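Worksheet for the structure shown next.
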Amino acid sequence: MMKRTIPMLLAMAAGIVMILAYFFPPLTPLQDKTTVWFNILAAVAFILGGGNLLKVHLKKVSDRREGWAYSMITLAAFVGVLAIGLFKIGVNPLDEFPAQRMAGDFRAEGSGFWYVYEYVFAPLTATIFSMLAFYVASAAFRAFRAKNLEAILLLGTAFVILLGRTAAGVFLTDFLPEEGILANFRLENLTVWIMNNPVTAGNRAIMIGIALGTASVSLKILLGVDRSYLGGGD
Amino acid sequence: MNHATRRGNATFGVLLVLIGVAIAILNAVAFHPGAGTQWTKRTEHVHTLEDGSEVRWTEHEAVSVREGREMAALEENAAPLFSRTAGLWGAAILTLCIFSFLLGDNPLYKAAEAIVVGASAAYWMVIGFWETIVPNLFAGLFPDWTRANFLPKLSAEASVDLLLLIPLALSVLLLLRLAPKIGWISRWPTAFIIGVFCGLRFISSLEADFLSQIGPTIKPLVVMGEDGFDLESSFSNIVLVLGTMACLVYFFFSVEHKGAVGKVARSGIWMLMITFGAAFGYTVMGRIALLAGRFEFLFDDWLWLIDPKDAHPAQAFLQTIAPMLT
Amino acid sequence: MYEFLRDLDRRVIFSLMALAVAVPILLQITPPEKATPIVRDAFETIEALEEGDRVYMAFDFDPASAGELQPMATAFVRHACEKKLKIYFTALWPVGPQFIKNAERDVISRDFPEMVYGENYVDLGFKTGNEGVIKLVANDLRTQYPQDARGTPIDDIPMMAGVASIRDFDVIMNVSAGYPGTKEWVQYAVASAPNDIKLVAGCTGVQAPLLYPYYPQQMSGLLAAIKGAAEYESLVLGKYGRENEPGMYQEGLRRMAPQLSGHILMVGLIFVGNLVYFMARKRGEA
């Protein structure tokens, strides 16, 4: 009862409030209250994530598993940034309240947390994602093969988009007139047409399919048919 | 890949970083003196408290090297700042450490990756605490204490909202997930989150992604313009309407894709292939833009090889470094 | 030749990509741009606003996508400032507020110093909850944001007078890197008040095709990837450009040169890769 029934009833109640408020506007304040609580729990989930990271890496260090030295670096970075942020290290007070050091803006330029963002977090995350450009090039060379009609359609469209969205597209089909039926075959115009018509059609169908699937899964969860989120065993 | 090859690749990776840093130092001394320095405009703040003691601090505001030198020439309070300069060089070195993975996995890359994992988790925790938990939970439950310590501008009339004890309790239960024996209690707040999520998604997906998509799909297949039959619009509408329906037929797996249904489903696959080809093209565009952004950071902010923002004219090395050392 | 291409080390491909992107940046080439209808519609939606109209500017991205989205964010803020609109900054991503501060420092304070915080622009900051935030803002903004990002109670901010929900805004200007982002703004904000509010968005290349079905009924315009950013910048510069335009306002335009060489390289790599494939098939190796 405590481990399955009560959580299931909680999920049902929360979900039904969110749905009913749409059809019965007087329930909107209750829906808003529920949403405020949801948003607070979302913030606590960040703390849970941090706690889990601490647990996993501390275990790795204590067990001396392979790569434990890097776990030490992770833990040092984690504790360091946490201390800088929570204790507002390097944060100046507000001019209106100079006595309250903890009232200052923890993200203000020049604060410890700002340094962490500007010189550690931002460059590292940006660089990690920028690496994908290299791997997409390597994958394109090795894996993209025009083996059948479907693959040819995919690659042909990719070529049109890749060239049409740059000055190359304008250059390659510059010989075509700018108005009239033939203008539609200029690469830059063809790109726009492809995006507005076949791509929109395909994505619209995918969107409709996902929407129906989402509605179906949501209903199954709220009606208690799907209880996989409660976990297995007990 | 054998051990020797891996070690060789790791060596290349480390060498990339070391050579990059060496080139940057040479560049900063000889070719673009002072490259990578960061200037700030300083403003002194001095306040006398009620007990007579003084609180003073210096506010630093980033300015470009050009602006900083102009201010310094006018004897305004601007100078290069060592901590930010060191920070910029640290950021550039970390960038090279990440790029070194392209040549092979190596200790410098692994160290940079470990830093970003730890720093990111803590970063999100701190933000969640100060941006939501303090103003939305603590300020509602303990307004006087919050005003005295963190939010002095909080209204003196702010009252206690006892209903917030419910999310507080749920939050504590959620954190108990980390406790091995009693971790099951975290199912309660998890179920609440999932219930709210499902309720939100049920309405929004049907309203925005289903019902609102049907209207724009119902378009005339024969379009008459001012001059009669409009071939371009008609063709576009035919592709859009029939293409959407063909893709939907393909996704309908309850009926076997044979005969006429099979042919329609096949044309749906072709439409989807065009969709995926466009998605690939746009993805490539996105990735290259990110790489261009990082190269701009290295060439502009760090090495001063380019100056698109007219921010950093080169100057003699000692002339730039000296103010930081005094 | 065939063996060389078949066994090509991927580090050669990496080097080619690095050169394709680096060389145009070092040569500082900036190709001209012509706006497509979907970007022009976004521009015209903002142009149609009048002085004092309210725009809800949501920065939903992080440094990982800033290479694509920062130019859009800068162009949006500049356009709103040139039109003398009231700007309400928010973020659904934890790092979004940093970009809000950058916009305040680099655009507003530098080029529009006459704008006053609290009267012409306000920073409401970041809140956790993803679409939960949008849902709440659609009904009751003041409950979601009891204070602004500087800790000032919302009731004490002059430009918050008369603002109760998203319906009190004229346009949502959203820069989005993924989830939560433009899709959620359409689903929870625009869907709740389709006749009261318009949405103009900028998004990454990965997201762009997925958002096209929302245009034009649920979304007035879309800046798709760095190309969209460059087109919008060209429109803003065309209308409001000044002498010695700061380089910051042409970031998207500058990025189109490496895009060109990078795309040509990609097309070439796919072509050569297929050539190798067909040669292998002919030799009976594939």
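Order of writing sets the chain letters: A, B and C. Residues in each chain are counted from 1.
The working rule: contacts are C-beta pairs under 8 Å (C-beta built on N, C-alpha and C of every residue); 3 or more make two chains touch, one makes a residue touch a chain.
The shown structure was predicted, so the numbers you read here are calculated from the model rather than taken from an experiment.
Peer 1: Going by average Cα coordinates, which chain is farthest removed from chain A?
Peer 2: Of all the other chains, the one whose centre lies farthest from chain A is C.
Peer 1: Taking each chain's centre as the average of its Cα atoms, which chain lies closest to the overall Cα centroid?
Peer 2: The chain sitting closest to the overall C-alpha centre is B.
Peer 1: With chain centres taken as the means of their Cα atoms, state the distance from chain B to chain C in Å.
Peer 2: So the centre of chain B lies 12 Å away from the centre of chain C.
Peer 1: Using the average of all C-alpha atoms in each chain as its centre, how far is it in Å between chain A and chain B?
Peer 2: The mean C-alpha positions of chain A and chain B differ by 10 Å.
Peer 1: Whole-Å distance, chain A centre to chain C centre, using C-alpha means?
Peer 2: Chain A and chain C have C-alpha centres separated by 15 Å.
Peer 1: Quick check on chain A: which residues sit in contact with 2+ other chains?
Peer 2: 35-36, 38-40, 42-43, 45-46, 94, 103, 109, 117, 121-123, 125-126, 128-130, 133-134, 136, 140, 155, 158, 162, 165, 195-196, 199-200, 203-204, 206-207 - these are the residues of chain A that touch more than one other chain.
Peer 1: For chain C, which residues are shared contacts with two or more other chains?
Peer 2: 14, 17, 21, 64-67, 94-95, 97, 105, 127-129, 132, 135, 150-151, 209-210, 213, 224-225, 227, 259, 262-263, 266
Peer 1: In chain B, what residues contact two or more other chains?
Peer 2: Within chain B, the residues that touch at least two other chains are 61-62, 102, 123-124, 127-128, 131-132, 136, 150-153, 196, 200, 205, 208-209, 213, 216, 275, 278-279, 282-285, 287-288, 290-291, 293-294.
Peer 1: Per the contact definition, I'd like the list of chain C residues that touch chain A in the complex.
Peer 2: The contact residues of chain C facing chain A are 8, 10, 13-14, 16-18, 21, 31-32, 34, 36-38, 62-67, 94-95, 97-98, 101, 105, 127-130, 132-133, 135-136, 139-140, 143-144, 149-151, 209-210, 212-213, 224-225, 227, 256, 259-260, 262-267, 269-270, 272-274, 277.
Peer 1: Name, in rising order, each residue of chain C that touches chain B in their complex.
Peer 2: Of all residues in chain C, those touching chain B are 11, 14, 17, 21-22, 25-26, 28, 64-68, 70, 94-95, 97, 105, 125-129, 131-132, 135, 146-147, 150-153, 155-156, 184, 186-188, 190-191, 194, 204-206, 208-210, 213-214, 217-218, 224-227, 246-248, 250-251, 254-255, 258-259, 262-263, 266.
Peer 1: Which of the residues in chain B come into contact with chain A in the complex?
Peer 2: 40, 45, 47, 49-50, 55, 57, 59-62, 83-84, 87-88, 90-92, 94-95, 98-99, 101-102, 110-133, 136-137, 148-153, 163-164, 166-167, 170-171, 174-175, 177-178, 184, 187-203, 205-206, 208-210, 213, 216-217, 231-232, 236, 239-241, 243-244, 246-248, 250-251, 268-285, 287-288, 290-291, 293-294, 297
Peer 1: Give every residue of chain B touching chain C within the complex, in rising order.
Peer 2: Counting only chain B, the residues touching chain C are 61-62, 102-103, 123-124, 127-128, 131-132, 135-136, 139, 150-155, 196, 200, 204-205, 207-209, 212-213, 215-216, 275, 278-279, 282-296, 299, 305-306, 308-311.
Peer 1: Can you list the chain A residues touching chain C in their complex?
Peer 2: Residues in contact with chain C: 28, 31-32, 35-36, 38-40, 42-43, 45-46, 94, 103, 105, 107, 109, 117, 121-123, 125-126, 128-130, 133-134, 136-138, 140-146, 155, 158-159, 162-163, 165-168, 188, 192, 195-196, 199-200, 203-204, 206-207.
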